[in-house]
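Data block below; observations after.
A, B, C and D are the chain letters, set down in written order, and residue numbers restart from 1 in every chain.
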């Protein structure tokens, strides 16, 4: 296992968690389509799964590949949900972050 | 410290956490005033502080009085936020639960 | 989706979370083999994955089948870890609870 | 409220959370006095309160001063617990981080 891959994954999941929580505050303020249940729920799921993934890695648990695998899936779903708001800079940033986090979590789940 | 008071407080905080998360799903579905940022944020804060309070008690930590004290405050704020929706049964249930949880957390913070 | 299966799963995951956290306090007190890193880490992973699983279900998220599937795996690992302490009542209770929770989470991941 | 103070506090709490979880893995490996219940419990409390504090700030909740105030207290307790291991570099790093986080959280609770 490469320590630097894991270190990068911990940092990426941390950033993704933070961005998703900030995105929720933004989306609730905007209201309308931004505050639809499925979008907010997906952002909450993504923030929570990123936090769980970070904690499992920091605990040096042998289960980190499986939690990273699921985290990648949830990040994919969140990127897709954010992609529905092309004219919103904050949603585009969140989409890009979720993509990066999904990529790294997938790599961790295979080679971490 | 009375074990039964702590046991009741753990259960009450668990119930309050669950009801607040269910209330969020309900409020996002209803939309409009139900989905205002301050209301959803308060419900999220309450669910999280209840979970933290439960975990600190289950760890038998000497800090449980302080976390229960803050949890009572957050539950009070959440009860007040829910009280703004008198014609909504789910909000009334959540308000009542937050009141009960605040009372028990306050008792724990003083005598637990 | 059967609501009652989900309701039972939420309750079971909540109970399993609580029992795992109490088991950690117990194991740290006992020390020695009880406090080995792999055992405590597994108990912490199980408590956290149960909490995540509960939250995803309470949010009525479409991802609950996937989180329940992973939760079942982590509960299996925790039951196995607790099974190494046959002469300890608290470990036996935790093992039994993890088994029940794993069963219900598996059912949710297939039919929930 | 100064955004940069809050941003720094979010980052500091995130670092403190991560370091405390890594410290737990380290302490359980070392065993003996490092794995005493009160020390591990304090590290777990600190990691959890830091996470709660981060989440409340990221949600832009008006309750962030109160959660930061309690977070500072828990960080103080954790720094004190780590200070009992002067010959251990990882404990010294954790102690220093908890001090920094406590300072910043206290500043947030007064001026944030």
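As a convention for this text, a contact is a pair of C-beta atoms (placed from the backbone, for glycine too) under 8 Å apart; a residue touches a chain by one contact, two chains touch by 3 or more.
Values in this document were obtained by computation on a predicted structure and should not be read as measured data.
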Interface residue identity across copies subunit C, subunit D - same or different by half: same
Furthest chain, CA centroid comparison against subunit A: B
Separation of mean Cα positions, subunit C and subunit A [Å, integer]: 24
Where subunit C and subunit D are represented by their mean Cα positions, the distance between them in whole Å: 27
Subunit A residues counted as touching two or more neighbouring chains: 25, 37, 41, 55, 59-60
Subunit D residues touching subunit A - in the complex, by the definition given at the top: 10, 14, 18, 21-22, 24-25, 51, 54-55, 58-60
Residues on subunit A engaged by subunit C in the complex (per definition of touch): 37-38, 41-42, 44-45, 48-49, 52, 55-56, 59-63, 66-67, 70, 73-74, 77
Subunit C to subunit D touching residues, read off their complex: 25, 28-29, 31, 35-37, 40-41
